[in-house]
Every structure is written in structure tokens, then in C-alpha cells.
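Please go over the structures that come below.
Across the two complexes that follow, chain A remains constant while its partner is chain B and subsequently chain C.
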Partner chain A sequence: MGRYLATRLSHVVITLFAMMTLTFFLFRLLPGDPTAMVISPALDPAAQEAMRVRFGLDRPLVEQYFVYLANLARFDFGYSFRTSGPVWDLIQGRLVNTLLLILPSMTAAYAIGAFLGAYIGWHRGSRTEAGVILVATILQSAPLFWLSMLAILFFSIKLDLFPTGHIVSPGSFPEQTWRMYLTWDFLHHLALPFMVNTLYQLCFPLLLMRSTMLSTVGEDFIELARMKGLTERQVLFRHAMPTSLLPLATTLPMILGWAVAGSVVIETIFSWPGLGLLMVEAVTQADYPLVQGAFLLIAVLTVTGTFVADMLYGMLDPRIVYR
Partner chain B sequence: MIRLCSTFIKTVWATRAGRVSLLVVVGCVLLAVFGPLLAPYDPTMRNYDQAGKLLRLAGPSWDHWMGTTLLGRDIFSQMMWGARPALLVGGITALGTVVIGLNVGLIAGYFGGRTDAILMRITDIFLGLPFLPFIIVVLAMTGRSLWTIIFAMTIVMWRSTARVIRAQVLSLREMQFVSAARITGASDFAILYREIAPNVMPVALVSTAFSLAWAIITEASIGFLGFGDPTVVSWGSILYDAYASQAMYRAPWWVVPPGIAIMILVSAVYFVGRAYEEVINPRLRSV
Partner chain C sequence: MHQRSNINAEPVLHIKGLDLSYATAHGRAAALTNISLSLAPGESLGLVGESGCGKSTLLKAIMGVMPSNAAIEGGQVIFKGADLVAGSKEAWRKARWAGISMIAQSALNALNPVRRISAQIAEAILTHKSMPKSELRARICHLFEIVGVDPERIDDYPHQFSGGMRQRVLIAMALALEPSVVLADEPTTALDVIVQDQIFNRLRALRDELDFAILLVTHDLAVVIENCDRIVVMYGGMIVETGPTREVVRAPSHPYTLGLRNALPRLGVDYEPIAIPGRPPDLVDPAPGCRFAARCPFALPVCRVVTPDLLPSTPDRAARCHRAGEMETLASLAGKVETWNRVGDLANAP
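On to the complex of A and B.
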């Protein structure tokens, strides 16, 4: 186990390193002028030249690359063009907002998906099964942003139950502070994106749980549990479901990472001030240091998610032998 | 290859859900090919009523079946044009994904050892790339065209196919027909592409269907986020216009049709993939 962990950990380090390298070159080699990455083209030429020297952009690219790596190690993501403040200060608050939306809705999606999936897998071949699969597939096929639009159209505009967007009422908290998360207003704003995201994300765990259940149902220990005289309900929830949870549990961290990456869509439509929206805004404003910072942070979360998923799989399934 | 396609169609056709879905997909392909010819109006033309007034956000009518946009454009015609980019981008991306994923999976799984380790590390790196953010960054850096969208999506999407194919190859390469081929003196290349590849094609086909579905949704999402090809009318860009104009909440006829079109096409693709998957993997079949 220890050796396996060490190998996997070294893979993560390699992956993260590759990701940082890729990001560095992606942001510098693709556009015509690599300095556009750090110096706003809006400045006058003399000032641009002065900054070029100050930021070391007149140095060879390889040298810049090592400076960049050293800076990342110190959480120095550079400075935003627009606010001139450190990128790290801008993205850390946004990360909290993203997690406050994504974590609760993914937890709910997995809980509901697991139970519903176990239920329809148990009642294989029933009308309920066919119906749930049909609805889940159609839901999964709809673009998330479109479902959000419909939800806003119906619940916010027509019924006036929820705000159409933002994290708290505009103007109520001019500065980002933790106190705003403790207000009723925050929960009120969270409700609609939470529900839409939950509904959309629960399709995957549901379908996965169902197909795992299909193979569990035929196993001997289920038959044994039945013969012991347990009720169908006990067999389902105490024996069949816990065994089938394994593949589901192991996908969670990876899907979480992907959900953070996918937050661009839901955050844009609900004007939710998270990492995803920040990235979209920064791209439209050509604020490249900010885009790079947000991109790297999301990438680190995704890589970590995949790693945790792999480790969980080994820990939860004793049949897996580490070599 | 032709035989594979005909068994694929026959298999899918055998179930009712498969039949309906296949017809829907064929219908969408026809729409993609002929839609622009059949569209009653130019999708970017501003329409005026008899009095010469711009038809701003007009509801559905006999002349404009799905109403008009804020700029007086005919939404029905836009819908007819929108199938083409969806299927073009989705189709080419799915094809590119399966070509790369299949080869990486085959080579990694068959040769094993160091080759496998290196290829899987590369796959891991791509698995860590955040999907939409990566595409957005590439589009922001290289300009917005259908081809860059296809390129960016393919670069990220082959990773899942590669992993699935590799897992298949790992079990196949221990089988007797592979050792038999080796004894007869077949080269690695021949074993890989004549013996093993045909056996992973069914799995590759399922994976292609899921990539296609995913690529269509992503193309729409990119369009909606405003990073789509500005010269192309797609279902995603219709929704972007509706959202950006801030008039969408006054005009449901503008918002509903593109979403429904995407939903129908993508779920049909999913069902086709799943109908086939149930046959090649009987464990999934409903009794």
C-alpha cells in the first residue's frame, strides 16, 4: 500500500508539473506576442517597454519558465491587468463560492442518485425503471445552461420565488466577507442553482448505480439474505445497495473535479461569482494572468480529484492488490 | 468496416428504442444537410411587417413559425441552419476522438511495460485538464472558428476512449487467438490491427456514440458562453443571443426550441449507443 501510494503520488506530481508547463506555453506561445500575457497591450509603448524589463520579459523564455515555476510554488500567480491586485487574492474568494455551490449539490445528487438507482436496478424490467431511465437520459442530454434558463424563466420570472442570479442581493455586501454566507439572503440565492445542478448531476450516479445493481442482484449472497428470511426491503438496503456503492463512491472525487471545471456554465447563467464565472469574465476582458490563475487552480482540483478517486478505489475494494 | 456498420445498424434496429433513436439521428443528419436549403428566410436577415416596422420579438405566427428575435430574425430559419454546426462539430470530434483513443489504447494495452506507462501518464495529464476551461482558453488564444472548437475538444476527449480500449486490450491479448496468430509468425502490427482491433471495435463504437453526444452538448455550451464561431448560426449561438439580449425572459419561443432540438438529438445518440451496448454487454440488458 505504502509503495503504491508513493508511486501514485509521484504520478500526481508529474501530472501537476506537466499541467503547469502546458499552461505556461499555452498562454505564451499561442498568441502572437508572448508578453501580452503579462503586459496589457492597452498601455503606451514606452510604459510597455519599461514593464517588459521590470517583469523580466526581455529574458529568454526558458528563464521566464523557471521564474514562473518558482512563483507558483509560493502561490504567486502574478497580477491582474484590470485590478492590478495579486491574482491569488482574487481567486481564493471565488473558489469558496464555487465550492459552496458545487459541494452541496453534488452531495445531494449522489445521495438521491444512489437511492433511486438502487431502487430501479432492484426492480429490473419494471415500468418505473424504463420511465426513470428515459427521464434521466433526456435530462442528461439537455444542456445545463438551457435547463437553468428554463428554471429562471419559470421559478424566478413567472412565479417570482427565487432571485434570477447573484450570490446575495446586489449592494448588501460590498466587500466579500464570510458573514454573507450566514444570511438567509445567501440561501435564497443558492436555492435555484443548487436545485438545477443537483437535478442535472444526479443522472450519472443514478445510471451507474443501476447498472452496478444489475450484477449485484444475481449474486449468491443476495439469495442467502433472502433465504435467511429478510424482507425484500432489508435485502435491498442492507445487502444489495451497500455492495453496489463501490463504483459510485470511487467516481465521486473525479466527478467533483469535473463539476468544478463545468461550473463555468452554471455560474455564468446565474451570475454566481465563482471561479468559472471569473474565468469567463477574465477571458472576455483579456486579463490573461487572471485566466491563467483560475485555470491552474481548476486544473489542480481536477488532478487531485482523480488521484483521490484512484486511492479510494483501492481502499474500499479489498480485492484490489497493489503492486 | 462495412460489415461492422451493418451489424451495428441491425443490432440497434432490433429494439424499439433503438429504432426510434436511429430515425431521429438520421432525421437530424438530413436536417443538417438540407436544412439551410429549406429554411424560409435568411437566418441573419431582419424581418419587417407590412407597415415596414421591424418585427422585434414577435411571437410565433404563420409567417414566422417560431417567432422572431430581438433583431427581427426568423428563429425557425435559424433552427434549420443550426443542425449543421452541431453535427459537423460533433461528428468530426467524435471521429478524431475515436481514432486517437483507439490507437493509444491499442498500443498501450498490447505492448504494456514502458510504452504503456508512458502513454498512460500522458492520458493522466489530459484527464486532469479541466474540459470547458481548457477549450475556452484555446479559443481565446487561437481565435473562434469551428475548426479550433473541433481541435480543442478532440485534444481533451480522446482520453476516456483510450482508457476504455486499453482495458479491453489487456484482457484480449491473453486470449488464445492472439497466441495462435503469434505462433503462425504474424508481426505485432498484424496481430494488433488484424486480430485485436476488430474485437475492440464494438466498444469503440459505443464510446464514439457517447463522445458524439458529449461533443454536441459542449459545442452548444461554448456557443452559449459566447466563444462560438461568430460567423455560424448554431443552436448554442441562438441561445447566446437570447441570453445576451436580456430579452429571453420575455420571449420563451426564442429560448425553448434550440434546447429541445439539442435534447432530442443528444438523447437519440445516447439511446443508439446504449441499445448497442446492451447487446455487446448482456449484463446491462433489461429482462
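On to the complex of A and C.
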């Protein structure tokens, strides 16, 4: 276990390092001169040059890269080209907003997906099963942005039940503070993107759980559990469901990636001031330090999630031995 | 083996005229037809027949745990005087394991791979009665001891045991509530002969000690000879012969039993086992007459028209054959390969 943990952690470090390197060089390969965005071409050429020197953009790319790495080692993500403020300050608040939307939503999606999938797999051939599968397949194949817009159109514009976007009513909290998360207004704004994302993300665990259940139901140990005199409910919740959870756990890392991708779409459409929206803004404005910071943070989240899922798998299935 | 004295006592399990069918794509398959048998307290009854003859189906029907496409169409399963088929589902559920338990066939698949053995035995006990935790653990340890597995290992997972040990664990689980009937579905098929022998010795000793009745299902006649007081031979979902094991094996009253006996290996003799040619009968649309007629070297025209009844010859023996009376003469022919080859030629003829 100890050795496995060490190997696995070294993989985490290597992945993150590769990620840092990639984000650094990839965005510099993009067309467009970022300096044009930050440094006004109207300025005196000497002043422009002075600015370049200040941001370190006059030095060779490789040198810039090592400076970037050295700063990262000190948890210094640099300064945004656009606001000139520290990247970490910009990201921090956005990260909280994203997590408050994505974590509950993904947890709900997984919990509902697992239970509903187990239920319909257990009641194979029922009308409920057919209906749920139909709806889940439609939801899963629909693009997330389209679902979001439909939801806004119907629930916000037509029924006027929820606001069309933003995290709180504009103007109510000029500065982001923790107090705004404790308001009804926040929950009111959270409701629609939460529901859309949950509904969209629960289809995959639901369908996977159902198909795993179908094969579990035919297992000998399920029959033996019945023979022991367990009630149907006990057979389902003690034997069929826990055993069927294993494939779901293996797909967790993949889902984390989807959650991130989903957050970009959801946040853009609902104007949710999270990391996803920040990334879209940063990319379109060629704000390198900000993009690097945001990407790195998402990489850290995903890689950590994968690591946790790996450990979780060993807990769910005792046959897995870490070497 | 030791003949039990209480065979004529009130049966603990009595099956009367049980009919069961499976819904298949081609129609309903009559998996069990008019099955009647009884099990006296402490008795061991062997149930033999080829794959698909309905042995395992019968055990599942007795437990009341059948696949969703199976339906009991008639008959009774009387356990300690009460008919489980006619009673409520809940009553049947309560009788399972507490009264009638089962030693499953495949020890690897019958145990849940992700739960500890102790938890799997504990839940069987707790479903039927409440027990303090310390007593429960002591009970599970005791069960491990009586089947010969180290009680230290009750918290292990199934994959941490060898095949033979897993089978012992299943026996321990079956005895958890001191049932009066234990059904054993080919409990040793996956094991080598030495472990197989150990398991049966253990099972016999436990039966003598705890006095439960065993219904042992197997396709191995030798296992029945060694372990069972009485034998029931099944073919195509019907009982074709029944009686005390020794008598039935010494002088079968049905050609199918003769055929099974030919498959027994004999030590020290240059001997080639003889196979019964042909295939098991079609149970969806069974041919008229005796179900074994198509594979029987002694079939008469009447056999293909009239289904014979299971008729007693002595108080404890019965056979379902029109020629049961001539079996002594036929038995000498049944020992020859040519006799069975003749059927094979007929069966393979276009």
C-alpha cells in the first residue's frame, strides 16, 4: 500500500508538471500578440519596451518558462495582464463559486443516478424502466448549452420562476463576500444551473448503473441472498447495489473532466462568475498568467479527483490489492 | 453408509405432485412434471440425473427462489406440515434458511465478493432472529470450527479462501440456523476428488451430529452411493426411479438407471464406461409416451404412445417403466456397448 501510494503520488506530480509545461507553451503558440492587449500601441516605443521588460516578455521563451516554474514553486501564479492584480486573488473567489455549483450538482447527479439506475435495473422490463431510459438517453444526447437555454427560456422567461443568470441579483453585493452565499437570493440563482447540470450529468451514472445491475441480478450470490431469506429490499441494497457501484467508481475521474467542461458551458450561459467563465474570458483576452493559473487549478482538481477515485475503488472492492 | 432408522417417521419435507414450467421463446417448457418425494428427519436423499433434467430447478422450487420466468403450476411443498406453495410469500421467506437451507453449487460465485464472510453469515442469522453482536460472532466462529476452517478468518473476504475452504464456508453458512433440511446442489463439482471426499466426510459427520436431512443433487452416481440412504433418479423433469440406494444400484428398475450405472468407473477391471446416446428430451413440446423412449434400447411401440406411471414394486421402491418387471433380463443386455450403440444408430438415422 505504501509503495503503491508513493508511485501513484509520483504520477500525480508528473501529470501536473506536464500540465504546467503544456499550458505555458500552448497559449504562446496561439496567434495574436498579448502585449498588444496590455500595452497600448499608442504609447511611446520606449515606454512599450519598458513595459515588456517589466512583465519579463523581452526575455527568451525558455527563460520565461523557468521563471514561471520558479514562481509556481512559491505558489506565485503571477499577475493578470488585464487587471494587473495577482492571478490567485482573481481565481480564489471564482473557484468558490464554481465549487458551490459543481460539487453539490455532481454529488446529486451521482446519488440520484446510482439509485435510479439501480431501481430500474432491478425492475427490468417495467414501464418505469422504459420511460426513464428514454428520457435519460434524450437528455444525454442533447447538448448542454441547448438544455440550459431551453431551461432559461421556459423556467425563467416563460414561467418567471428563476433569474436568467448571475450568482446574486446584480448590485446587491458589489464585492464578493461569504455573506452573499447565505442569502435566499443566492439559492434562487443557484437553483436553475444546479438543476440543469444535475439532470444532464446524472444520465451517464444512471445508464451505467442500470446495465451493471442487469448483470449483477443474475449472479449466484444474489440468488443465495434470496435463499437466505433476505427481503427483496435487503437483497437490493446490501448485495446488488454495492456490488454494482464498482464500475461507477472507475468512471469517476472521467466524470470530473466532464464536470469541468460542463462548468465552462453552464457558467457561460448562466453568467455564473466561476472558474469556467473566467477561463473563457481569459482565453479570449489572451491573459496568459490568468489562463495558466485557471488551467493549472483545474488540472490539480482533476488529478486529485482521479487519485481519490483510485483509492476509493480499493475501499469498494476488497479484491483490489495495491502494490 | 449407515441406514437411518427413522425413515418411516413423519417426513420433514414432503413434495406432492409438483409441476413447474419455464416461459421460453418457444413456449412453456415443462421443467418439472408431477414430482413427489419425501424426506424423513435426518435422512439423506440423493437426486441424480443429467444436466437439464430438473434437479437444480427442483431445489430452487423448494426454496421458493425461482427465476422470474418460472411458474409453479401445481402441487405442494409441505414443510413441517405446512404447504409453502399455498401459503404467503412471507411465510415461505421465513422458512428459507431457518428451516430449509442450501449449500450452493459454485462456491466462488455464491459468495458476495465485496462483503466479509462474517457479514454474509450474520445477515442470514439476523434476518430470522435477533442476536447480540458478541453472541453472533461466537456463533460464526463456532460454525467455522465445525466445518474445519480457522475461526480467526471469519472477517476475511471470499477471494482470500481456496475453493475447498469456500465450500466449507458455504456449509457453515447453511448450518447457521440449524435447519432441519439442507439442500445441496452439486456441492463439490468445482473441487478435486480429495477435497471432495473431505467435504462429504465432514458433511456426513455433521449430519450425524446435528441431525438434519440432506437432499443432495448430483450427476455423479458414485457420490450418491457413498452418501445417501435413498436415491431418486430424474429424467426429463420426471422421477423415473426411486428406492434405497444400494438396492436401486444393484438392481435398477429403469433402463435410464441402468445407463447411469454403466457410467460408473470400476477399479481394477479393464472397463470402458458406456455413454447413453442421444440428447435430453424436448420439454417445450414433449413427444408422447415415455420421455426416455427415444434413447432407450429396450423401448417397445407402447413406450412411444403411453407415458408409464411411477409404480411401486416393493413398499420402498418405484419405477416409471412399462418393462420394469423384465429389468433383470434387460440388465445383462444393458452392460454391452452394442445394445446402446443400436439406439445411437437409430437416433442418428435421418
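List of remarks:
Definition applied: the second predicted complex is superposed on the first by the 290 of 323 C-alpha atoms of A that agree within 3 Å, B and C clash if a C-alpha of one lies under 4 Å from a C-alpha of the other, contacts with A are read in each partner's own complex, and residues count from 1 in each chain.
Keep this in mind: a residue touches a chain if its C-beta (ideal position, glycine included) is under 8 Å from a C-beta of that chain, and two chains touch if they have at least 3 such contacts.
Computed from a predicted structure; not experimentally measured.
Taken together through their common chain A, the two structures put chain B and chain C side by side without a clash. Once the two complexes are laid over each other on the shared chain, residue contacts for A:116 go to neither chain B nor chain C. When the two complexes are overlaid on their common chain A, residue A:190 makes contact with neither chain B nor chain C. By the document's definition of touching, of the two partners only chain B reaches A:157; chain C does not.
Between chain B and chain C, it is B that contacts the larger number of residues in chain A. Legend: residue contacts after superposition of the two complexes on their common chain; A:137 is shown touching chain B, with no touch to chain C.
Contacts of A:239 after superposition: chain C is touched, whereas chain B is not reached.
Contacts of A:258 after superposition on the shared chain: chain B is touched, whereas chain C is not. Legend: residue contacts after superposition of the two complexes on their common chain; A:167 is shown touching neither chain B nor chain C. Judged by the touch definition given at the top, the superposed model places A:226 against chain C, while chain B stays out of reach.
Seen from the Cα centre of chain A, chain B and chain C lie 80° apart once the structures are superposed, a value rounded to the nearest 10. Contacts of A:266 after superposition on the shared chain: neither chain B nor chain C is touched. Of all Cα pairs linking chain B with chain C in the superposition, the shortest spans 11 Å. Interface of chain B with chain A (complex): residues 121, 124-125, 127-134, 136-138, 140-142, 213, 217, 220-221, 224-227, 236, 239, 242-243, 248-249, 252, 255-256, 258-259, 262-267, 270-271, 274, 283-284, 286-287. Listed in rising order, the residues of chain A touching chain C in the complex are 219-221, 223-231, 234, 238-239, 242-243, 246, 316-319.
Residue ranges on chain C touching chain A, taken from their complex, read 60, 63, 65, 93-98, 101-102, 104-106, 109-115, 123-124, 127-128, 157, 159, 173.
Across the complex, chain A meets chain B through its residues 11, 14-16, 18-19, 22, 26-27, 30-31, 124-125, 129-130, 137-138, 140-147, 149-150, 152-153, 157, 164, 211, 214-215, 257-258, 260-262, 264-265, 268-269, 276, 279-280, 283-284, 286, 291, 294-295, 298-299, 301-303, 306.
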